[in-house]
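There are two complexes below, and they share chain A, which is joined by chain B in the first and by chain C in the second.
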Partner chain A sequence: MADATLFRTCPDTGLPVHLPAQRLIKANAVAGVLALALGGLQGLMVALTRWPDLQLLPAEAFYTMLTGHGLNVLLFWIIFFEVAILYFASAILLKSRLAAPNLAWVGFVLMAVGALTTNYAVFQGDSSVMFTSYVPMRASPLFYLGIILFAVGALIGCFIFFATLVIAKDEKTYEGSIPLVTFGALTAAIIAVFTIASGAIILIPTLLWSLDLIPEIDPLLYKVIWWAMGHSSQQINVSAHVAVWYCIAAMVLGAKPLSEKVSRMAFLMYILFLQIASAHHLLVEPGISSNWKIFNTSYALYLAVVGSMIHGLSVPGAVEAAQRRRGFTRGAFEWLRKAPWGNPAFAGMFTSLVYFGFLGGISGVVMGAEQLNLIMHNTLYVPGHFHATVVAGTTLAFMAITYLVVPLIWRREIMFPTLAKWQPYIFGLGAAGISLFMMGAGTLGVSRRHWDINFTDAALSFSYPDTAFLMMALNGLSGLLAAIGGVMFVVIVVSSILFGKKRGDDAAETNPVIGVGGGQAVASYGSEGTLKLPGTMILVGVFFIAFFLYYWVNWKYLSEVWPLS
Partner chain B sequence: MAIFPPEKRIWWKEPLHGFELVWIGICLVWAIVMFGTMIVWHVIGEQNLSNTAYRIDPDVFAARTEAMVTQYTVREEGDTGIPVVHPPAGSDVYLQASLWQWYPILELEKDKEYRLHLSSIDWQHGFSLQPTNINVQVHPGYEMVITLKPNKAGEFGIVCNEFCGIGHHNMLGRIYVVE
Partner chain C sequence: MRERNIRSSAETGSGSGGTGDEPVPFMQRLLDNHWLLLLLGVAIPAVLYVIWGVMEVAQIPLAQ
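This part shows the complex of A and B:
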């Protein structure tokens, strides 16, 4: 049974907090933010190099920097933070003790050592193979070893999460079903196990190959399995940040899902169908049939997309319902106008939702159509898409919840509140700009991962349209804006943790970070079915029209390229 | 509140919000439309990627490319020494990717069909034909055969859009399309 001395009671939420879990949440979140700081800086260098008039770095340094950028932000920042979310969603939300904290620390150390090892290999300069490390291009063995160690550590984190669910059930720390946020985290953890297993299946042989113990790895086989890790790991992010959206909406506004059934079903669709998206990266490969591509790229009839579209209704719907319950009932949008836009947690959450849906979601589905991929594969459209999902979506959502984690878990007040108020908007706008302008350049054919689109030293010549150069400059400016937002975030968080005013027990009244009545008062489950939600209906209507039009425009573009079969 | 468990145990028996049901219906119909579009495009669309591919030894592919170059070279490109090859319309043409070159330069006739054989003899490369914007992945050991019909005359660049090492950004090829 749980040792009561290892718990404190949170004065804000009334939840019992398991102290060993709290320490692990802090450690993982800090490691994540450090990776974000490094990876973000590398991202800025990349954006400024791809600005044709600046071309900041020389070619070799650019490719090294780009490799490090991908690893640090896409892998290390996000997965460290996700492990923190897993511990939070299990131990804290279920009011339970965390299973085997010492083993969790072993996992943390493995992840940290792995991240450092891979970074060391990249900075040596002999492993500039990009995040994807497609064979037969070869990195130093340490590069693969570091990622494998990191993955093993993350796997331990997942199993600590599962074990905590078992303990909480066994010790009856909660009644009925697990909360929706925990359910979302569970989705993320299940996908993570699949992801890490795929990674092990391909990276362990690749490590042996880099040590000359295996003569050859088939490049196509590598991609099929590597992307079962590479793409599924992005589905961990989706599940985790959707869970974070529900979490912030609940904590700040006391929002309930419109109906638990639908939201949980949407998460279940992720588990069932998101895994096969490896195909998104294989649509223009030789030797894979169209039948396979169509079935897999569409997540079996787009059922995972349906899942995301359901969350796209359910999350703003929950916010609208909660706001209307609080009396903001005038017109279609009073609830939205009067939302707590000055609260960085809410602002980050809602803008993340909008950017993820409109920019990331639509572009992802369009790019994932078998034939449309022909006009987008490996152009800048691809990073344009995933900066909308992973930066404007996941990263912004994780930043947003950090504004709740610092006061609630660290018990420190957020320093520089005015800066914090602006941070999600600045970072979000920068990230959205990066996405839009890269997608624009990609539509004009500009290649991703390319140092010089002027082709200065090439034997032949070719010029992209002038608009493409404008797009790249705007991308550079957006990168600067996002970097400013990123620096603001790191400064606010690090200084609050180190020097922030200790949050007193009466702060729940004097300086609340969760909504009035946010805590247990709204702990009830109830259908919001009787409430009218005109604002959300208009929002999803606009979304659907944008989606519909943009989808067909791209088929029009496709119909204009050289006929091929 | 989502971060607490539902108070009533039987949450799956709660009624759905009316608009939620409508939205799920719209989503499912849209999903079927998008799925169907990919299939329909194979029937009515003119831009579908080939399903023809073979495993091939890189040396064999290089030899076949060289044979075509020997037979059909019409000139050299400026002072670069790269051969420009004008194979007969309707024939099999070879384009070889290597670090860091597309070889050779092809000269094709507008509105004529060609069977383009694409492969790499070393690492992976990305065939990005610009400005028409066709992007295909090129693997070593796999030969993709694409039936291609240039519908516009002019000078087209082949950018490598799969990162392939330090010379990646200098890997630029060309296709001429003549009337």
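This part shows the complex of A and C:
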């Protein structure tokens, strides 16, 4: 049974907070933000190097920085933060104690040691193999060891989450079904188990190979299994940030999903079908049949895409329904105009939703079609696409929820509120810029992971169209903007945690961060149960038109590179 | 079975899991069975992506 002295009651949400869980949430969130700070800086240097007029770093340093960037932001930042989300969505939202906090600390230490070890290996300069570490490129054994330790720690985090669900059920801290946000976190945790198991299957032999204990690893086999980890980890992000969208909408506006059942079905589609999308990384690989490629990237995956579209309707729909309940009923869009755009949690959530859907979602489906993939595979279009998903989507959503985590979990007021108001817009615009301009350059054929787009030393000369150079310069400028937004975030969060005014018990009244009914909406089961949402329907219509046009334009491009008549 | 007797909020809309006697619908039971979801979420991609993919690679003839 839970020891009552280990709990406090949150004055803002009314939820009991398990103190050992709170400490773990803090530790994981801080480690994540530190990784983001380092990785973001590395991203800026990479972007400024790819700006042809600046070319900041020499070639070797560029590849070292690019390797570090991918690892720090994609693995370490996001997964540390996701572990914090798992603990929040289980212990806090289920009003339960966290299972085995000591073991959770072991997991945290393993993750931290793993992240440091891999960074150490990368900074030595002999492991610039990119975060994908395709064999036969060989990194130092410490590189693989660090990632394996990190993954084991994260796996412990997942099982602590599952164990907490069991405890909460046994101790009857909730009745019926778990709240939707917890269900989203459950989806993320399930995908994480598959991801980490796949990582272990491929990275443990690769570690042994780097120690000369195994003679060779087949490169194609490596790619197939590595991407079961590499891409599925992106699906953890999608599930986690969709859960965060629902969470913020509920906390700030008291919004409930349009239909619990339908949103849960959408998450179920993720659990069943999202992970096989990993196959789109192998679409141009010879030796693998089209049956495998097309089944995994099209037929089955589209069921998961339907899941995303459901969330894409349900989240803004929930916001609209909640706003209409609050009296913003005039016309199709009063609810949107009068939304709390000055609240960085809401602004970050809503812009993340728009960028993720319009930029990341559409480009992802286009790239996942085998034929269309041929015109952009391994070009800068690919990082363009995933900066829309993991930077403008996931990272922005995680930044947004941090503006709730600091007052609620740290019990500190956010410092520099005006800066905080602008931060999601500045970071979001920068992130959307790097996505768009990298996609633009990729459409013109510019390769990813390439130091010199002038091909200065090449035996055969080649030049990209001038527009490609313009795109790279705009990408550099957007990188600067994103970096400014990133620095603002780190400064606001770190100074609020360290020096922010303590949030007293009366702050829930005097300076509320949770909307009316927010605590109840996020921690319980229930639907808005309406589809009278003209504004959302118009937005969804615009989305479909954009989707159709862009898809069509790309088939047109394909017909031009590959004339059939 | 306890679960059979709980009509959870998807049914009642209340979120509190009432205690009616009607059986809980199949989908509801599936979504509430976290271990089964874990099994499905690992097994389906393991078969469709990993095992099928590895079989494809294994069938490529070796160069003579």
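Some observations on this one:
Quick note on the criterion: the second predicted complex is superposed on the first by the 546 of 565 C-alpha atoms of A that agree within 3 Å, B and C clash if a C-alpha of one lies under 4 Å from a C-alpha of the other, contacts with A are read in each partner's own complex, and residues count from 1 in each chain.
Heads up, the rule we're going with is that contacts are C-beta pairs under 8 Å (C-beta built on N, C-alpha and C of every residue); 3 or more make two chains touch, one makes a residue touch a chain.
Model, not experiment: these values are computed from the prediction.
When the two structures are aligned on the shared chain, A:Y87 is found in touch with neither chain B nor chain C. Counted by residues of chain A touched, the larger count belongs to B, out of chain B and chain C. Within the superposed three-chain model, A:L301 lies in touch with chain B and out of touch with chain C [touch as defined at top].
In the superposed pair of complexes, A:F162 makes contact with chain C only, with no contact to chain B.
Applying the stated contact rule after C-alpha superposition, one finds that A:F543 touches neither chain B nor chain C.
When the shared chain is aligned, chain B comes close enough to touch A:M137, but chain C does not. In the superposition on chain A, A:F194 makes contact with chain C only, while chain B stays out of contact range.
Contacts of A:A250 after superposition on the shared chain: chain B is touched, whereas chain C is not.
When the two complexes are overlaid on their common chain A, residue A:K261 makes contact with chain B and with chain C alike. By the touch criterion defined above, A:F328 reaches neither chain B nor chain C. Common to the chain B and chain C interfaces on chain A are residues 175-178, 218, 220, 260-261, 264, 287, 289, 524-527, 529. Per the touch definition, chain A reaches chain B in the complex via residues 59-60, 63, 93, 128, 130, 134, 136-137, 174-181, 218-220, 246-247, 249-251, 254-262, 264, 283-287, 289-290, 294, 298, 301-303, 305-306, 309-310, 313-314, 317-318, 365, 369-371, 373-379, 444-445, 447-453, 455, 457-462, 464-465, 518, 520, 522-529, 533, 536-537, 540, 544, 547-548, 551, 555, 557-559, 561-565.
Every residue of chain B that touches chain A in the complex is listed here, in rising order: 1-9, 11-12, 14-20, 23-24, 26-28, 30-32, 34-35, 37-39, 41-42, 45-51, 53, 55, 77, 80, 82, 101, 105, 118, 122-124, 126, 128-144, 146-152, 157, 159-166, 168-174. Note for the complex: chain A touches chain C at residues 162, 165, 175-178, 183, 186-187, 190-191, 193-194, 197-198, 201, 218, 220-221, 224-225, 228, 232, 260-261, 264-265, 268, 271-273, 275-276, 278-279, 282, 287-289, 292, 295-296, 300, 524-527, 529. Taken in their complex, chain C has these residues touching chain A: 6, 8-10, 13-18, 27-28, 30-32, 34, 37-38, 40-42, 44-46, 48-50, 52-54, 56-57, 60.
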